[in-house]
Every structure is written in C-alpha cells, then in structure tokens.
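What follows is chain A paired twice: with chain B in the first complex and chain C in the second.
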Partner chain A sequence: MIGSGFGNISIMTRSLAWAIICFLVLPITVVFAVSVTDRHYLSLPESGVSFQYYRNLFGSGPWLTSILQSFVIACASTAVAVVAGTLCAIGCWRLGSRASDLVRMLMLAPIMVPTIVYALGIYQFWIDLRLLDTYAGLIIAHAVTGIPYVVITVSTALAGFDPRLEQASLSLGASMGQTLRLVIIPNIMPGVVSGLIFAFIHSWDELVLALFIAGRAVFTLPRRMWDGINESLDPTMAAVAAVLIAVTVSLLCADAYVRSRRGS
Partner chain B sequence: MTAPADPARSRAGRSLLASPAARYWLLIAPALLLMGVFYFYPIGRVLWMSVTVPAAGFDNYALLASSASIQRMLWTTARISVLTTVLTLLLAYIVAYALVHSSAKAQRWMFLGVLVPLWISVLVRAFAWFVLLRREGLINAALMATGVTDSPLNLIWNETGVMIGMVHYMLPLGILPIFSNMRDIDQRCIAAARGLGASRFEAFRRVFLPLSLPGVVGAGILVFIFSLGFFVTPALLGGGKTLMIAEYIKVQILEVVRWGVASMLAAVLLIVIGVLLAMLSRLVNLRKLFGAG
Partner chain C sequence: MLGPSGSGKTTLLMMIAGFVQPDRGGIHLGGQPITHLPPEARNFGMVFQGYALFPHLSVFDNVAFPLKVRRRPRAEIEEKVKAALDLVKLTTQSQRLPRQLSGGQQQRVALARALVFTPHLLLLDEPLSALDKKLRAELQEELKRLHRKLGLSFIYVTHDQDEALSMSDRIVVMSDGRLVEQGTPLELYDRPRTAFVADFLGKSNFVRGRVESHVEGGFVFSGGGARFMQQIRDAKPDIGSGVTVALRPEKLSILAPGAESDNRLSGVVREWNYFGSEFRILVDTPSCGPISVALPAWNAGVSPEVGQSLELGWSAGAGMEVQEA
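Then we have the complex of A and B:
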C-alpha cells in the first residue's frame, strides 16, 4: 500500500537519496580502517594490517577500568529506569485521564531539555548532597534521564494491548500484583526490552553529565574517549570506537530480533 | 506543579487505596517521585540561581544586552542552528521522499542506513569526522594526492566542520518525522492531480508538497531544538574556536566558575525551547509518540 506510487520517481531523486544514506553510513566506517593501522598516528594502514591497538585497548588498565565502570553504571541505571518507567507507563495507560497525560508529557522533558541545563542543576544538587564523583550520583542522574525511553517504548506496546484482558484477570480473582506479573508484563515484554536497550545505550554513551558530576574516582568510557580525542591522537581511540560500534549494532540486532518475534 | 493529583490522592486515606485509580497512581508514583526530586527540582534550582546569584535581581539577564562576547556566542549559536536545520530538512526530505516511494525491500535497507547511525555513540560519530576532516585527515590527504588542492583545506575547528558533524547527527532525527507524515499522504491525491492534467512536477509542487509540510515543520522544530543545546559535536569539531551556547555554559562553570552567567544562559535556553515546544505541540499531537490517537 505504502509503495503504491513507487517506481514513478526519477532516478535522480533515488540516487540522491542513496548518496545521502551513504553520507550517513560511510564516514562512520572509517574508524574500522583506522583502528587497524600499522602507523603510530591516526591514519589508514599503509604496509599492512595490525591489531596492536586492540591489544593496547584490552591490555590497558585505564581503558578497562572505564569500560567496567560504564558497564556497572549503565546496568544499575537501566534497572531503575526500566522498573520505574514500566510501572509509570502502565499506570498512565490504565488511568487515561488528563492528569496522566500530563505525567507522560512531563516524562518527555529529559529528551527535550538540553542535557547541559540539567547538568548544571544536578552538579549543584550533588555538591550539597556530597554525591559528586560517586557511582550513586551518576547512576541516579542516568536513571532519571533514561526513564523517558522506557515510558515511550512501553506505552507504544500497551497501545496494542487489550485492556479487557486485565479486567478479566482482576474479575477472576487475581490480585493487582498477579495481574501485573502474569498478564500485563508478559504481553508487553517486547516494549520493555526495547526500553531496556535504549536506556542502556543512553547511559553507556552519556558524556555531558559525566563531564560535570564525575571525573576522578568515576571516569566513564565516554569521559575517557572525550579526553582521548581532545588530548592525544592515539589510534587506540579508533579501536575503542570500532568496538563501541560493534556493541551498539549487536544491541540493535537484539532489539530487531525481539520485535520480529513479537510480529510472528 | 509536577504532581497535581498524586500527593493529594495518596493523602486521601487508606480507604481510597482500594479504589482502582489510587492503585494506578501508586504505579506512577516511583517514576514521578524520582523525576520530581532528581530532575525537576535541580532544573528549578538553575532557574532560581539565574536571578539570585551572585546578587538578587536581573543583573545576569542584563548581560544579554551589554556583553559583546555573549551576544557573539548567541548569534553563532542561532546561525549554526538555523543553517543546520535548513540543510538537514533539505536532505531529510529527499530521503523521506525516496523512502515512501520505494518497494518494501528497498525500504528495509534504507531504514537500516538511517537507524544504525542514530544509535551509534555521538562521540564515535564526532571522532569519525575528526579523523576525516582534520588538516592531516583523510579528506585533505585524498584531495592533495589527486591534485585538487595544493594546501590542506580548513575543514575543522570552524563553522564548516561543526555544521558537517551536526547535519550528520540530525539527519535521522529529521528523516523519521517527515517520513511518518509522508506515509499518511493519500497517493490517490497525486494520481488525481496527474489524471486532471498536472505535470509530474506540478502535481508534486501543488499537491504533495503542501500535504507534506506539517511533517517538515515538525521535524524542523525538533532538529532546531536539538541543535540549540547540542554539546558534543560542536565542542569537538569547533575546537574551542566556534563557541555555541552549551560549550559556553560548560566553560562558565568548569573553568571560570561564574554560576550566575551560566544559569542565566541555561534559563534562556530553557525558555526558548519551551516556546518552540509549545509551537510544536499545536502542530503535531505529541501523544502519538506513546502510540495513542
């Protein structure tokens, strides 16, 4: 149906569109080429392919520490965001009132408000609470800014879920908790998993908050990359970037897999 | 402000707890509480600081009229954001147009090309452009090797570099809303125009283009909002020479420690974006995002 008009656009428009998509994709692939360089600076490999910078990356204490710290922070903040976001989406969906619509709008704020504005506020707040440069500080900040992604994906999943199933469960004597656990959650699982993946990527990639509220004891991967790009031209950065792309693409494949299972 | 009904209802007593509405508000409570305490309260503090630090009053805001460096920075921010938005919309429109007019199979591949960059770390993308654009970078090397230029072009640490990186970042965010609007356009309208004797271009200009404008304006506001407060790409590819508002705020706090100026600029950013969002919500139904309507 969508393609009912396809075929009647000019070759020029079509090739222009593909050229723009190449502009989107190709520049990113350059990091793979540079990551296997045999030189000591950022360049394409000249006389052969070398994996020295991957050895560098996985043999270096600071990089591994940062990867581990980022992983712990991303897992913890994702857990908080998924639980709070999923419950919130279910509550808003069931209420369907003006007030709950307003709540969902408010939940969008972290996506729309520039992170720099929030970073300023949370930096001040954490000075008062002595949470600067702690795991807890970064986890809380990443969790609240990750909630919107979960609310959006779970709400979308709920839009396709028949509310009568919930009523049936409640009227057949199941408690609220049982209904949630046995009826609602299993039916919206794909939405929850999508939200989980996006909240994880959000925390894993987050730089601005890490610049403000962490920096010595807690030094996340994006933070180390930021310093790496600004201060040195070490090709190890390219190896890091290549590994990150691989991780993101595999998470997206996982998401596509979950969605396709929902479809079948 | 944030929770008009919630506290009132939970205070209303245990008897109400049994009522369904109260139980659903209990589900909402954790997220609302987290957001209220750890998101909206800190942002409220920023607004408060902008009129109280270093002294109570609107002195910080007076800088908007008197400080040349702030005016220059705001002008740079506005100029880059507008140009980025226009370029992004132009390119996004072409891709979205090709997307709705493609077979399902081609569509899948094009979508892959649009969505994968969207989720790749913004730092990685900025780094890739850094490798390509710098003076000793791959683009300059290629241009010199083929003899197009004798000396390397300045592609980075100026507005050109910032804009290339920003358009690259914003494109998927522009393509998706335009595409979802175009998908809803009834193709029979164009067929009817053609059947009534309009040329292909005429049918596009007088039928398809006007119908697709709401999507374009929506995408434009969205991209403009994201451009205004963008930090990573402008900071990396601008190299401290092309200063936009987000980096300026960061410098005010982490380097020269002027909380008043920084929070005033953050408040200005917040107000501008609030106005733009209000415009956006009149234009498109934001509830659609949640799968409603």
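Then we have the complex of A and C:
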C-alpha cells in the first residue's frame, strides 16, 4: 500500500533519497569491514578476512566486564526510567492542565540541556552524595536522562487513547489502580515498549556522563572504547562497534515489530 | 433526558455517574446522598456514546471486567457473563475482539457489560446515535424489553425527540444547562407549559395576542387584528395581559365553506409537501404569519395548491396556553 505512491516520484527525488540513505548508512558498514581486518591496526582487511578481534573481544576479561557492567546499568536505569516516565506521562495526561504542560516540558530538560553541562552538574552533586564511580550513581544519572524518551513515546500513545475507556473502567467499579493496570497500560503498551527501547539504547551507548562520574570501579563499554581509541588503535574497537550496532539494530527491529503487530 | 446539543444533558449524566463534581447542590439515590462517592463506588452501569469497549479484551473479557475487578469467583463470572450475553443475544461471539463486531453488536456488548454486575441504575449516553435508522428502531425495542424484564431504572440521554417520546416513562427536557420541564411523554406533548417544549417536542405554531374578555370556561384574545377563543388552563389570565397559544399542526383543519369553528384564520398556501401518510402545508396568514398544518393524506379533503386561499379552523380546546422562554 505504501509502495503504490512511489511510481509518481521523479527520478531526481528518488536518487536524492538514496544518496542520503547511503550517506547515513555507508560509514557504519565500514565498521563491519574493519572489524574483520587481518592487520594490527584499524584498517580495511588486506589479504583476507580474520575474526581474531572478535575472539579477542570475547576472550578478554576487561572487555567482557565492561559489556556486563553496561548491560546491568542499562537494564536498571531503563527500569527506573520506564516506570517514572510512564507514570509521569499518565499523570500529566490525566490532569491535562497548563501545569501539566509545564511538567512535561521540565521532564524534557535532560535532553535539551547539553549533556556536558548536565554531566558537570551531576559530578558536583555526586561528590557530596558519595555516588561518584558507583553503579547507583551512573544508574540514577542514566535513568534521569532516559525519562524524556519514555515521557515522549508514552505521551504520544496516550494522545490516541480514548479517555472514555478510563471512565468506562471506573464506572464498572474498577479502582484507579485497577484501571491503570487493566485498561490504560495495556492500551499504551506500544508507547511504553518504544520508550523502554530508546531508554535502553540511550544508557547503553552513553559516554559523557560515564566519563565524568565513573572511571575506576565502574567502567562502561563506551568508556572502554573511548580509552581504547585514545590509547591504541586496537581493531577490537571495530569488533565492539559492530556488536553494538547489531544489538541496537535488533532492538529497533523489535520496536518496529511491536508497532506493526499493534497496528494490524 | 432530552435536549438540543449543548443543553447540558451529558454533563448532568456525568455528574450522576460521578465524573463531574457539581459546583453546588447534591445528588441523591433513594434518599441517600451520593455526591461525595467516586464513580467506582456508585455501582451504576453506564453505556457510553461510542460504547467505549476495551479494544484489547475479547467480548467475554469485556463483559467479565466489572466482575473481575470485584474479585468474584471464576465460576460465578463464567455463569453471569453467559447470562448477560444471553440477555443481549450475543452468546456465539464471545471470543471476538470488539473491532471485529458490527456497531449494533458492539452496542449489545456495552449493554451486557453495564448490566452484568446488577447495578443500581443504568445510565445511557445517546447509545444509539451512531447506528442507522432501522437498527436503531430494533435496539430501541430491545432496550424497552430489557427495561421491563429487569425492572431497573434507566436514565437515557438523547437529542432525538421521537426516541424520548417512544421510550420514556418520564422525560426531562433541558435547555441551556437548565431543566425546562418534566413529565410523562403524554403530558409534555399534549400539555406543554413552555413555548420551548411545545416547539422542541414535535412542532408547534404560536399565536400571540392580548386577552380581551372572559367567557364561560375560557377567554377571548386578539392578535394581528383577529379574535380567537381559548380554553383556560389553570386560571383565567388578566384582561389586557399577553398570552401565547401553541397549536400543533395536526390539530388544525381546513374548513369547508360555511363550516362552524371556534376559531378561524384565512390564508394562502405558500408551499406544501407530501409525506405519504400526511400533507404538510405552510399557510401564510395576514394576522399570524406562516402557520404549518399537517393533514392526514387519506382524509385531506382538498389537494393543496400553491397560491390557493383557504380557511383554517381549530377548537378552543386544541390550543395550549404556554409560557414564553
């Protein structure tokens, strides 16, 4: 159905669209080529394809520790962000007043303020709270910066939610808690899942905060990549990047799948 | 509850349901104040405009919802949901999702869901407005049947006067956020007290004038240079005071030459329409402006023509004295 309109598009428009897609996607594909290089520095493969750096990645303690740390932090901060962001979006939607617009704006602040400014602020704050270089410190920071994504996607889902369903549920004797659990959440699930995926990706590849407030005990994957690029041009980095891209793409595919299943 | 759109009937229903808090006054059910109760504690069934079925739940789960949130045992839920679906003749479709059903079927599910927990009261907000005419008539009959069978009070909001007349035991007419008049359909149609109800519930012509003299059981008033006789309603109006008399189009007749009548009014046919069962004729009268007349087609006596002069007549008891605004 979507394809039926393509016949009318001129060749100009079509080639421009493809050029932009290539511009966006091609640099990423280079990473895959580099990750299978047979040489000792970041370069394209010369005489053959080698998976030594993948072996290196999955056989090395520090890299695996970082992947595990990043995963734990991403999961925990996503859980916090999804619960807080969903409740916030539902609260704003129910109030529906000027004040709630303001709250929603405020919730978006973490992605409007430059991350580096934000990271500096958190750094100062975390010194006093003794949260520097702890899981809790990074999880909280990632959760707060992940909330906006959840608020946006859940608010969008709520915009298409018929408020009469809530009234119907209440009139049928359900408490507000039951209405939330049995009626509102199931109907905005696609928005919640999208928010969850975005919040996870956000934490998974977040570098600036990790640079400022962690460094020794907590050493996330992006942080290790950053150090790796600064210190040595180890092609393991490309292998890591390839793995990261694969994870991200599969998450986005999951998101698209959830949406399409809901839409049908 | 009947009224034009924007008259506040849905808002009033929402107050009864508990979704809107009144600024002043209270709501009582059987003598008990319920104003402070939240909607979920009122135990009122409600059928919404557009049905508001839960799109993610099957027909069965939609109907079971009020019982599940009340934590009834599973066997009881099964049994009651079956009975409710039986009541609205929908037993075979219980595993479908709402979007797989037709409008009429969705309406029945909404009804079953609102009745399954034996509510104290059933509230219906223009439940049939989205359906076509034939289906609407069918469901009207079914609602009346259910009403008789269950012996439960229904509060039914509509802007359709025919629906209100044919389905109600009592009608409350609203306009501009106010209750204008209430009574049985017969009282409101036959003896409206206000010009608004006389014109909104069916159509009316209005003859206005000043009282000239009192006669036995009635009074004479004059308007636009003509004199009319009118039966009294409650008390004789003061001589010299203004009166408005509402005249149903079907209570007017066309007088044969030389026929006797309490009131007569001559005019010229401006336009006429044929509706199968009746003629509707619009007559321009010099003293009272345009007057509309409905005549049973089989017994019209004349076949109307534009520009034809004729004389209208009605008895002193046919008109109804009403209050303006």
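Brief remarks on what is shown
One rule holds in what follows: the second predicted complex is superposed on the first by the 248 of 264 C-alpha atoms of A that agree within 3 Å, B and C clash if a C-alpha of one lies under 4 Å from a C-alpha of the other, contacts with A are read in each partner's own complex, and residues count from 1 in each chain.
We take it that contacts are C-beta pairs under 8 Å (C-beta built on N, C-alpha and C of every residue); 3 or more make two chains touch, one makes a residue touch a chain.
If you're wondering where the values come from, they're calculated on a predicted model, not measured in any experiment.
For the composite obtained by overlaying on chain A, chain B and chain C can both be accommodated side by side without a clash.
Panel annotation: after superposition on the shared chain A, the angle at the CA centre of chain A between chain B and chain C (CA centres) reads 90 degrees, nearest 10. If you count the residues of chain A touched by chain B and by chain C, you find the higher number for B.
Touch criterion not met for A:W63: it reaches neither chain B nor chain C.
When the two structures are aligned on the shared chain, A:Y53 is found in touch with neither chain B nor chain C. By the touch criterion defined above, A:I9 reaches chain B but does not reach chain C. When the two structures are aligned on the shared chain, A:P222 is found in touch with chain B, with no touch to chain C.
With both structures placed on the common chain, the touch criterion links A:A84 to chain B but leaves chain C unconnected.
Of all Cα pairs linking chain B with chain C in the superposition, the shortest spans 8 Å. Under the contact criterion defined above, the residues of chain A that touch both chain B in one complex and chain C in the other are 176.
Those residues of chain A that touch chain B in the complex are listed here as 2-9, 13-14, 16-18, 20-25, 27-28, 30-31, 34, 41-42, 44, 80, 83-85, 87-92, 94-95, 99-110, 112-118, 120-125, 140-141, 143-145, 147, 151-152, 155-160, 176, 201, 204-205, 207-208, 211-212, 222, 225-226, 229-230, 237-238, 241, 244-245, 248-249, 251-252. Remark: chain B residues 2-5, 20-21, 23-28, 30-32, 34-35, 38-46, 49, 91, 94-95, 97-104, 107, 110, 113-117, 119-132, 136-138, 168, 171-172, 183, 187, 190-191, 200, 225, 228-232, 236, 245-246, 249-250, 253-254, 259, 262-263, 266, 269-270, 273, 277, 286-287, 289-292 touch chain A in the complex.
Contacts from chain A toward chain C in the complex involve residues 162, 164-165, 167-176, 178, 182-183, 186-187.
Those residues of chain C lying in contact with chain A across their complex are 17-19, 38-40, 42-46, 48-50, 52-56, 65-66, 68-70, 113-114, 117, 123.
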